[in-house]
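Naming follows writing order (A, B, C and D), and every chain is counted from residue 1.
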């Protein structure tokens, strides 16, 4: 019986790389297309917030597509953080990262195709990195004029740190987890929050693949080597700083929150040990009574 | 005993067509009314984003109204994709599509009635397709001046492909499904994302009924045949391209994600076969332990 | 033992009226305060969309506060619709409506107090209904200059009809219900959608209490009788039209959707009767298989 | 065996203070960074609404991080209200408040570092409280020119009262609670609503720590004592008024809603006592029948 099953990939790593590829593809397709729409329409068909929202929706959709397969990293900085935390084998780091990069490149290419005429109309046919008609920023991120190297590096470290700090707690059963089936939506909201608060200095890449993929596309599609040489070879900052920031954010979460949560052994085997977390929950359930009683003394 | 039940329609197909009619009616009522509000108020009572949001809310409401009855396609491109995927019988394609078209036409008519005075005030009483006082774009979509036929065709293929790619995974129990009762809200967010990222070139119809219904209304309500002849008979692009795009997006989902998910048989009968998806979930549940252990080696 | 319980109201109707009062109070407090903020800051601290969002959040908060007590009508048009549908006793209509009106009046009064200095600064101390420095529209709704009486009446009928049509399905177990605990949030999104699409003509009151309460406040607070006499005594339109629209929307829902849903008796006692809704669900669960099989024939 | 566990803090109060510190840190990091981005980009990279959204996302993230540990107060006015309600021991008030203040201060410091170059570029290097190039409002709140002391005091009382009134009901099992795992998201929406409706007069601090922490940062980072002395030593208003407003809002919730909910004892032990809340639920479940029957009489 003829069957499409012969196409099924048996190698788990290949399947996971396909998922990371597709997820990052979707993320960048939403995000860069929105940037192209806002830029080429001169903000008549959307504004800065539209681009933030598109990246946010892209994260959500990409996570629903791939979270069951790889955990939906979509970002080498996230993969690295999970490797450091011991949640993902180190052998996954390079293949995942390359898949993410390829997905970002391909999505940028498709956005370039779809918005080719709009970009040509907007830029007068001259693809540049500087000036009022620049279109390079549709794809990769570039720093504001006044930023120093150190400033943008710190910016990317803090932005990626916020990302890891805020998403690591969402799945923690001993704290207040988000609903498992809505984690993609919650992460999307967090990414929206980072976009509206940490993109002022250099565009909040917080993701090496999200930045390098589109930058390579612009290199090959006509913007020239300036996309790498501009701002004194600034391009390496969104590649390196997010990796450091992601790990720092993960440590911050560990030191302030995760380390102090009750042991799962204690919770399961020694339920007589009352942790503060348990106590809080008890107070919650007795609050109808407690409140009534306390009110009596007002 | 007198009873309204005699009105109840016994034919399932008629009931489903009524649902698709009503759903598309609600979708277009929200969307076109918002476009009318933004246009006729000269963006003082909303902006481009308002229209995106209204279509998004329209999708959500239409899905809650009809998802239990037909699956809430609201779009011939979606019905066609489901037919190709084998989820919906081919015999439903034409009746559903006509019902959607009729719903879109009727909603446009009601929007025209409600915003009649506003449209007349805005346009000076002359209903045109071109120029600063054009009002045809309240209803159907039109391409930007600089777009070629091929460019808009690609745009509609990609936009509708994104739609199918992103919604097909939401119901997949072997991956990370969205909560069943919130799928209308999640789809609404995806539609919002497509609206802010893929409407720059030609308005993101991605739905033949959503475009043809209002275009027929403008034809019959005073805009004349120009709504069909303008831009070199461009009107067929949002009719044909979404059908192709929807099917391509469905194939992309199948090839990259769906095909590699574990067989339901394997999951149920041979639980000893550990898929990568299972392994991921196991890692999740052991992460409190695993993390503690890994941390010890830092 | 001294106890605050002596304050507890034993009469269910009084308790319910207190809930409707408080809910409408919260709804209007959010909404009118946002209108005051946007107007008096000359759109530097928010825009038209902010007001839409504030009314939306107000609906959500008011529903969480009161839904368990009265069902959170917050609107005489909603109460009337539920009376007509047989869900709420007719004896509740007048007490609920008066409570809603009083809540709207009190909230408007508090907004007037909080934004008193801002309103005085903006208007130069002259409280008017017309002109660039008018402030009456912070509170009640007024039609656009070009609107006729019939046009605004239709507008209010359609807007309120959309509201009822979209919310009646959310709780229907035989269709695709929204999660019970998130219905306030879903309704808030629907109200947001109506605000961005149906407020162009006359402000989308779609609620007699929301309009009359603030209008009475402006009458008593210094705007004078013009708030009632202006636009040829237009004030009665948002009082009467929503009542008709709500009932029409409820009938539309009944005729197109509710009437054709399977009998609850059939579902419980005669599970062998396979409705179309059941069949859809069955198809859903077999889709992993079905799809695999269909794919083989591609 | 070497282990990071030796770092684990055994004292519950210290752990809770660490959580409140981190939560308020995250809240302010999002919020003040967005304010810096909007201000220093002269509204080209976001608008007033962006700042509202960032505070909203900050609340959500901070709550997911800390709600299981302390309940996620993030605000001395919230802690005080819970103490008055008898939900939190009075001994927690001072330590929590100081932790929140420290978190707000540290976050402001990090925002100052990250946006240092942007602030210097925007302000020309002169850090001031007044004038078109003022940058103090990125951090603490300041009243509008036309506001009196009493007006801002009332504003802060009402804003914080709305906050407590709207969040206290979310966890009430005898009313219509929000889904426990989504309470952080619902509270975030409420905070967004307050931001778009109650920030016109003096910036909607509604949180002594959120205001004093950044104000201390500006004092120590170069803005000088004017941040405290300006507007006739206005700084004490957002410290004192929210404390009063929070308690008043809690009382309002108690008197209008909480006090009249059925006793939990009654619900559990005497299920024959039919409360109004129960009756509502019964009506809900019988509505499919009830409606059919009533319809017959139309």
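Things worth noting here:
The working rule: contacts are C-beta pairs under 8 Å (C-beta built on N, C-alpha and C of every residue); 3 or more make two chains touch, one makes a residue touch a chain.
As the structure is a computational prediction, the values presented were derived from the model and not from experiment.
Here the C-alpha atoms of subunit A line up with those of subunit D after a rotation of 90°, rounded in steps of 5.
The chain with its C-alpha centre at the largest distance from the centre of subunit D is B. Separation between the centroids of subunit B and subunit C, computed from CA atoms only, is 26 Å. In this assembly, the C-alpha centroid of subunit A lies 37 Å from the C-alpha centroid of subunit C.
Residues of subunit C in contact with two or more other chains: 4-5, 47, 49, 172, 174, 179, 182, 254, 261, 292, 295. Across the complex, subunit C meets subunit D through its residues 4-5, 7-9, 12, 15-16, 18-19, 21-22, 26, 29-31, 33-34, 36-38, 40-41, 44-47, 49-51, 53-54, 56-58, 60-61, 63-72, 85-87, 110, 113-118, 120-121, 171-174, 179-182, 184-185, 188, 254, 258, 261, 263-264. Of all residues in subunit C, only 47-49, 144, 146-148, 151, 154-155, 158, 162, 165-166, 169-170, 172, 174-179, 182, 186, 189-190, 192-194, 196-201, 252-257, 259-261, 276-277, 280, 283-284, 287-295 touch subunit B in the complex they form.
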